[in-house]
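First subunit A sits with subunit B, and in the next complex the same chain sits with subunit C.
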Partner chain A sequence: MEVTLNIVFQGFYKDSVALMRLSRDLAALDGVNEAGLMMGSPSNKQILKDAGLLADEGAAAEGGDLILAIRANDSAAAQKAAETIEPQIKSQTRSADGDTEWRPQTIRAAAKANPGANLALISVPGEFAAAEARKAISRGLNVMMFSDNVSIEDEISLKIQAREEGVLMMGPDCGTAILDGVPLAFANQVKRGDIGIVGASGTGIQEVTSLISNNGRGVSHAIGVGGRDLKDEIGGVSTLMGIDRLDADTATKHIILISKPPGEKVLPRIMDRIAQSAKPFTVCFIGATDLELPTNATAARTLKDAAQAALGGGEFEQSESVGTSLPESRKGIRGLYSGGTLAAESQLILLDAGLPVASNAAVPGAVGLSENNEAHQIIDLGDDQYTQGRPHPMIDPEIRHEPLADAMADSTIGVILIDIVIGYGAHPDPAGQLVTMLDDLRGENGPAIIASVTGTELDPQVRSSQIKALEAADIHVAESNADAALAALRLLGVNS
Partner chain B sequence: MELIEKANEEAIRRMLGAEPVLIDVVPAGEIVPDLQDKMILHAGPPLEWDRMCGPMQGAIAGITVFEGWASDLEQAVDMASSGDIAFDANHHHDAVGPMTGMTTVSQPVMVVENKIIGNRAYCAINEGLGKVMRFGGNDEEVLNRLAWIRDVLGPAMGKALKDMGGIELKPLIARGLSMGDEMHQRNVACSGLVLRAIASAMARTSDDTTALSESLAFISANDQFHLNITMAMGKAIMDPVRNIEGSSIVTAMSRNGTDFGIRVSGTGDEWFTAPVEMPEGLYFAGYSEADANPDMGDSTIVETIGLGGFAMGASPAVAGFVGAGAASEAANYTYRMGEICAAENPEWTIPSLDYLGVPTGIDIRLVVDSGIAPTINTGIAHREPGIGQVGAGVVRAPMACFEQAVRRLAANLGLS
Partner chain C sequence: MPSDQDDKSLLGGDLSVINVGLDKFASELAEHNVSVVHLDWKPPAGGGAELATLLSKMGT
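Our next item is the complex of A and B:
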């Protein structure tokens, strides 16, 4: 039988909003049909009466008394509900939900809250990215646009607007930058120094800056420009502005350019700009051949070459050879890369050794994956076909699982090449993740696994810890991505 | 762009430069422009009887009886539905009204004059909480209270205000903010401040101690007494901001229980409307969301001038209506509204937010661009006529109103 229970707390005051919230919680308890918590003023008692909640005890309450009123299925349910809510009524503790920190939701508000800020990092879906970038640029902010899927037309107009405002437009699809020692998006914590970089490639910048830092020098700024900047449609607007900035920067003594080969019309403009500078340049246009460079510039074939050249041309410490031998039948190389430019670098090294190479992101000289079944396969797992609807392999290395299982099961493969990219934005423990993945896939006499770790000791994942974990799992770790490819060649008895 | 920025600067200058003073209480028929017999002004954008929600129809029936145009509610409904009564929006007559917002000839209205321009705005006296006409209540108790306000309280306040030379409202609001009011859902501090300001003048100008005592007791017992003063003040501040060419600042937000409407300075007196949303909030004992009427009232003029939901940071107690109730959560409402406003009010500041000025001047461009809708603190009426208030909470202004307004403004400027 339905019962109405009133409990009166004499001379107990609580704010009406707090009471309404408690009433809501009380009414939601098991067996409770209706509930109210109100101070005992005449108008409140009327409200309780109208709701069928007022019993004799409540009716006798004074204005300064708190009435707890419950209508429940039976008196046991009513008692239980009252006992449940009573500690909350008497509790003096603050709201359990706690503090929430305000974060600006618009560029306008963020800029207002941080008057000294001079850069906006834009990482919203591509269809909205250009509009946000325009707002940032018109506020005089440099822009790093992580977003991709931005049209060529928008990219051109944004870069022209940025040039007019005198700010950098880095991107769209700019994954990496280091400005004033601050790593942005996917970037590594490198030592500061006098080498400046302008790059259209994220992992290219990561590999080169890490190699510089790991070999005793440092980076002034690494300016990303987005993968399309040196295409003829865009005209290298951001690359040229990036060179201007580094050329004017007294802390920068040497400038490295990293990109795929530029468009025909852009190339001479870049060369002219280099020639105007008094600073030495290293130009690493991955896959380009026969570059005619101004006298203050040297060409680098690979990322490692670029880092070495910037450091004066001496050879970095070489990795030791892999201490195993392979059966005659295992002759193939399979590269499973998370970094597109790292995959490109490895292709070049294999091609330079005279090997046939196939790739889903083929450099000049390599072919598409389906075009030559005999070729060594270098796969860029960051390509759209693998990342459709899932995160990039640098964030979620699980993408590597299926192709890795295929390679491990292939009796013709002698070496699997893998890049481990650490730093901000990357998976917190990619080496550990790879080791766990391999636990289930490894059998007797399988292929050798050769890896390199792009990153530094200062990165959150700590390069040496990642190396240690890989080596403990019998994975050979080379000093650089290029060294990993070279080690694979040596293991297979190919002269490089 | 430059034209818009300049126009908005002028809009903000007029808002911040306003000098609103509560000067008088006068029967609406004597002072509200173009208000005639058998005419009812209601909240929100204009609408016909058939589209009115339950509490709006209930209030119209009640006020029709109160004015003596009908002898009972049934006859009143007949008259209202057959065209014997004229309806119009309060906003078209320099007036505002909370919830149903009934304004008719014999009701006393408070007069707020914006001294710097000389324009005036009007709002009826707040009836108190619970079963009241603004929430659709219309029984004898409701009508008797209205009669007492008309015959006793209104004249007493009018005499006192004239005698004391009015009450300056800007400093009063500033103090109220520092005392925890946001002026929409919580007016307890400002109501007390007004009582303090007016009490001695009411005593001085009264020759009936019973009436005086009743009047003072009525004001004392009504925590929301000041809401209607805040509203008249808001209307007096915003009206001179209308019709600045190119300005994207909102001059009015208002709801009639069916439509939500906004007006924008640069688009003149056109209403941009969309269906009202349901408030989210807490309910009095015995009621739930199922009983709630959609959003209603001219009281959103309070948010239009940077108070209410925009000043939530001043009033952590009110933030409890929408969730956690942590003080930081209240502050976040104010910060968020700052993202869609052109300026901050240097005179109306929130001590606990390091004296941040309340967000002032809703810019429709910022609303549409950010996707952040104005947050409004509101009472919740029962969906049936005659029952009254059942809760209070928070509601968002519909984005569609702002999208339409942006398009129209762009068209007016030849940009579309």
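Our next item is the complex of A and C:
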């Protein structure tokens, strides 16, 4: 009879990447039907419960406890699997330099041991992240908080505390930053230069910095602020401080802002701050219309427009048109995106061409997925509904498999749009992964696949190698995410 | 080494990082020759997030 076994390791932490790897190993063991290794936060316990993996022991665990959960054919198989994986769970985590020397356990001890530290990079589970950030800020450290699931109340109090201390609070949910050429978390290795960026969007920053670097210029710094910073509740605290930093930075000659449209109360404060600067600004508030900007700022509708404006105007190299034709019945576009802002950019391009668009992360003018069955669907696979208990599609593109299979099997779809995002933090070979996935799904006369690769030649995955692998598999690769959407329109005979 | 607390601006100096969480981030920073201390982090206060928050507010 199938059994569910939970073992709880109290006060035990292992990082989420390590847990993901161990979960996979566990699920592959003999007699195991399903398995999970998760910290015992309420949301994780719900995920385990929904997967039929939560037993009484796991249900009683706390946020700082690790739950080993196994559903197996019988209790002998469950026990054997637990015994097999337990030594790996308890094994010493490798330190950054590969050895197992003493490591401080608290920010206080680390700051004492390294008085020159100027940044705390925090990626522990969300419910503990604010407490760590508070300690870092009170020691005069700037903070980049990768963790999400942090309450808006904590975000407000942390940002106010940071402003009082004169340090930057990047995040929560800050996935990307580049400081003095060093990529932090999910970021690309770009050329150094004089264009600075403050962005509330990780993939937005990645696309713009990569386009700048790939087109002859470079980046001084890219400061991430977290997706909610320009909401009225937060007040744009980190964006304003980020602008202050870049304004004062002699290496930065031009500043780009990237965000969803700001709250009504925040917008005038941002505009006032821009007007005080002697530097030129490019403002890309994705989906905003009728922005009234100071004279030193220009508006950019898309990420590509923002990069072009900062580069001094002019078109990037144009992609060749897609060398294929589609039957009359294949008129639909389906976008399967790992980057939320890349999905938003594509929606804008389709909307601007007069097409109806539906999305799970709809920009102004688009509708929800269930609201219009006739609309072109642009799906953000990084959205919570796809990533509950699973890694983000930039880390594990496997999430794309099911929606890709659906789109390949749909005889009304003419073009599938896909973003490949490379760089630090991302999957080591997302193009190869996509090609392998398509090998199983492709039939005769299927939809065309158009992709773009966000990243650079300096990234570990090497942009040109990724492009080569995609093109070898008959995937059209556009110069930018925007160009991929434009290529889809051309292929379908729609005027952009 | 940066000149510690007086350099809160972060930009234009040497980056020196305390990494709390994902091991991978520390390894990648070390690859870029950034000074990084990777914490041996454990959930504080016996696993309860509320107590951890309270302790952090007390400056512990």
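Assume the second predicted complex is superposed on the first by the 395 of 496 C-alpha atoms of A that agree within 3 Å, B and C clash if a C-alpha of one lies under 4 Å from a C-alpha of the other, contacts with A are read in each partner's own complex, and residues count from 1 in each chain.
What we mean here is this: contacts are C-beta pairs under 8 Å (C-beta built on N, C-alpha and C of every residue); 3 or more make two chains touch, one makes a residue touch a chain.
Nothing here was measured: the structure is a model prediction, and the numbers come from that model.
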| item | value |
| --- | --- |
| Which superposed partner A:L121 touches (first subunit B, second subunit C, both, neither) | second |
| Superposition-derived comparison: subunit B or subunit C, residues of subunit A touched | C |
| Partner chain in contact with A:Q105 - subunit B first, subunit C second, else both or neither | both |
| Partner chain(s) touched by A:L53 [first = subunit B, second = subunit C, both, neither] | first |
| Subunit B versus subunit C as contact partner of A:R134, first or second or both or neither | second |
| A:G166 touches, of subunit B and subunit C: first, second, both or neither? | second |
| Subunit B versus subunit C as contact partner of A:S338, first or second or both or neither | neither |
| Subunit B versus subunit C as contact partner of A:N214, first or second or both or neither | neither |
| Which of subunit B and subunit C A:A18 touches, first, second, both or neither | both |
| Residues of subunit A that lie at the interface with subunit B and also at the interface with subunit C | 15, 17-18, 94-95, 97, 104-106 |
| Residue ranges of subunit A touching subunit C (in the complex, touch as defined) | 10-13, 15-18, 39-41, 62-65, 93-97, 103-107, 110-111, 113-124, 127-128, 130-132, 134-136, 138, 140-142, 146-147, 165-168, 179-180, 182-185, 220-221, 245-246, 248-251, 424-425 |
| Subunit C - residues contacting subunit A, complex | 1-5, 7-30, 32, 34-49, 52-53, 55-57, 59-60 |
| Contact footprint of subunit B on subunit A as seen in their complex | 15, 17-18, 20-21, 23-24, 34-38, 43, 46-48, 50-53, 69, 94-95, 97-102, 104-106, 108-109 |
| List of subunit B residues in touch with subunit A within their complex | 129-130, 282-287, 317-318, 320-321, 323-326, 328-329, 331-332, 335-336, 338-339, 366, 369-370, 372, 391 |
